[in-house]
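The chains carry the letters A, B, C and D, assigned in the order they are written, with residues numbered from 1 in each.
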């Protein structure tokens, strides 16, 4: 089939390649002319035959909103927009409504795979009407990993991004699990070679997983991670997962702890710990350390 | 080689079978005569030719202590005891010392594998002197999974149980991660079929793992886990992991949250939440629910 | 001064009384004719001389929105609306804008005090323009506790509710602190009479506080809180505090733990713990407890 | 009465003064001759008439053990030792047993009060046999705050330190509660003057407390705590509280979060966050920050 693909960054560029390897025609547009196949969104739309399917793969928020707005102007009734970016799930219904008012369909799709997706395939979670999903199914089939799994029609519009968001929330806590275990092993003097313990865990254990394999790769590059600073960014999905949990009255202690650990790591100094130090000084005369 | 194996329960029985499949001679002893190969520990020791290796696979604590005490009486200098149970790592040094005073070697070995170990192999983490580990290496090779990984000499005596303990701590948080994600998906109405989302995650995602595969199996048995009550036991390793972290000043927020979630699940009613309800009533006149 | 007061429930009714004791004229309106001074909002507005000040003390959300909408129709330029309910802080700017378009001023005011406020006074945190605050200052002075503290002009519109929201977040964690300590004392057998320990803490300790005094009162009513069930409701402020923290990248581990503990207490059974039990069963053959 | 007091540091020195103000005779010993009343422990014991009461106020652990050992040699049957330091509660039974074998009584006493104790009195929680407590009661009465509260016979030997330990655990979470609230108010731009909000909370609110008063004092010294670094030490009691909870299967999410926040604050860089950064880099090619 023919696909328009907007956004050819780290993710989009590799996805174009994988879809093409699947035998489909992809016309890509990016603001960066060096990677773009066409000069404008208008040209991209003009080059597709109807009913057109355009996959949006740009940063969530303003960039996605603007692209969807422009496509709403350029596309025709019966066409379809897929938002494959990291939009917040409750944006999807709004986008779907805006496009539906012009007769244009909408599918949201959460995409997991990172830099490994080109070779291994991308895990896909999508939401939308069955007939809309059917229009883009050949592309889903090209993108997904070989084998039985890796793609799911998760429900109505928004379900794809919601499922991907929860995936990322789970990912936060799994990463935190390995990180905590690693720090404890490094801190205690019981185990001689922590990296070899991690390596051994890759088979036969309850915790064998792709993230563990990656941890071993990371430790092979830098045994004690001395080259790194302990700063971990967070993206929207982790935050939204906790917010969705609060909306639903669901306790998420481990995922939230993982998010907060990242918040703390991003701070040069901890205001709340200044207050603790100040209080200890007030009631106990405990020495405090002055600001650098 | 020849191995004495004490304890033929769920774990020990399968391990005997796997070691035998590896071509070794195993003489097993269990208090239950139906599964035991010999009538007594004394007979077991008598049937082995020296230097003897006896693997202890009984419950941690008193049962292990008693078995090691008895073996200390029965074995001879140059023999070796392996503690493959779930002993606390700081018991190992004590056991090693007691045996060393009689010229008997000691190796501790954390074993992961559960009911799957017989077919897939057991992950092994062991600690002790190199010469002692060498004495039992053929058995380790028979027990471990096929392939490159799954066994590690983690360090001196105690290192094996320490590594296994941390493994279990990581396991707690990984299980909690999936459990939280599952509850959120079930609670929100965004996703139509939560089980299919879990199934799809098995390939191409960041969170693909053996535990995820098991979650899908569990959901295939009972889609919404309606047949279960939300009560999760905990074993010593989770508790010891947190204690080891406290000893080392290491923050373990996700692992500890996972342990506490299990504690809460084991309570018929929550005393601390009674106090919260009582306080709300005191200052706000908020209605409280009476005891059943 | 003259005040219109809308909402004469548990809070509003007592506040009317305290303001009157302060020498002011209060005309109260409530849908319940038994407590209302007037038959309608229209009558209330008609009975006030301009510039009118009307204090809204109704449930946050729809009821507050509707009351503000109606007052927007009934009041005149130069009049003032005070929202003393538990509105979310980011609703305030919207309400202020809607009223400002009609020349009507707006002040938001977080009120703390519960059933004790009538006698002890209400702590007040308010936000809005200085000239608007000045219009209602005499009422603030009547409501606040005797003494130096208990009232603050926290900033622009929304600041009052924001400050009150954070107050409640802090309150959640303080309550949780005492609740956890109490449960631990009750669970361990070290201390013979937990209530007397709590009682003794009321003077000379670092943790002496009004909440501790209330805890002692509660224990005097019911020494082991046997009459209660361990279920703790939560109101909007706790949830909003965590959401505001996430918006600002601020880690709130203790406050969030307190919120999640309440969520858990509200569940008949824990879905996430079902998943943990299911996974333990899958990999370890651990017995699980069937649903009741 | 007559009291021997061993340890005249920040706490002990002020306690000597307060007990003397209460009309009692205190003979103090400290290794520092500038503050000591006698040249040696031997001299101190010699100067007391029997039955002697000696209060030990030295650092927990080795120093306390050594002092108790020496007193065991120097004292006579019928004498009494009070451990007023921060010993771990399960040390008490051991100390009591050692002394009991020589006919010497033992009382453990947790003391709260810090630098304020001299003027305000010290909160006391003590454990031991009734007849032993009676021997030291006059000193307890002199040390405790004026008024009804502030002292409690918490139970048998160990109960005093256990109660004090839990007091400190509660203190950790209360401090954390205020610290989190303060950081959120400072981070968000809703509130203009955070210090004034804190000040106002001192009356009429649910969270009014001595710790809040201290927070206001600290902010009066340094409005944004710019002079401090966000590093908070922890003492044994916080750690032991969590360990006691684990022993009893009691979930302590807020207290433990408070302890872990302190652990994190003590780290120059976070090993676990290095692992998170490494994993993000592995799967997503996310940029990481190199070590300084």
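In this text, a contact is a pair of C-beta atoms (placed from the backbone, for glycine too) under 8 Å apart; a residue touches a chain by one contact, two chains touch by 3 or more.
Since the structure is predicted, the reported quantities are computational estimates derived from the model, not experimental observations.
Q: Rounded to the nearest 5 degrees, what is the angle of the rotation relating the C-alpha atoms of subunit B to those of subunit C?
A: Between subunit B and subunit C the superposing rotation measures out at 180 degrees.
Q: With chain centres set to the mean of the C-alpha atoms, which chain is at the far end from subunit D?
A: A
Q: Counting C-beta pairs in contact, does A-D beat A-C or the other way around?
A: Counting C-beta pairs in contact for A-D and A-C gives the edge to A-D.
Q: Distance-wise, how many Å sit between the C-alpha centres of subunit A and subunit D, to the nearest whole number?
A: Subunit A and subunit D have C-alpha centres separated by 46 Å.
Q: So the centre of each chain is just the mean of its C-alpha atoms; given that, what is the distance between subunit A and subunit C in Å?
A: Spacing between the chain centres: roughly 37 Å.
Q: Please output the residue numbers of subunit B that touch at least 2 other chains, ranges allowed.
A: Residues 114, 176, 178, 180, 183, 187, 206, 211, 249-253, 257, 260-261, 264, 272, 283 of subunit B touch two or more partner chains.
Q: Hey, which residues of subunit C end up touching subunit B in the complex?
A: 10, 114-116, 175-176, 178-180, 182-183, 186-187, 211, 214-215, 217-219, 222, 225-233, 253, 257, 261-262, 264-265, 267, 269-286, 288-292
Q: Which residues of subunit D touch subunit C once you look at their complex with the stated criterion?
A: Subunit D residues touching subunit C: 89, 112-114, 117, 120-125, 127, 144-145, 147-156, 158-159, 162-163, 166-174, 176-178, 180-181, 183-185, 187-188, 190-193, 196-197, 199-212, 241, 244-245, 247-255, 257-258, 260-261.
Q: Of all residues in subunit B, which touch subunit D in the complex?
A: Interface residues on subunit B, with respect to subunit D: 206, 239, 242-243, 246, 249-253, 256-257, 259-261, 263-264, 266, 272, 283.
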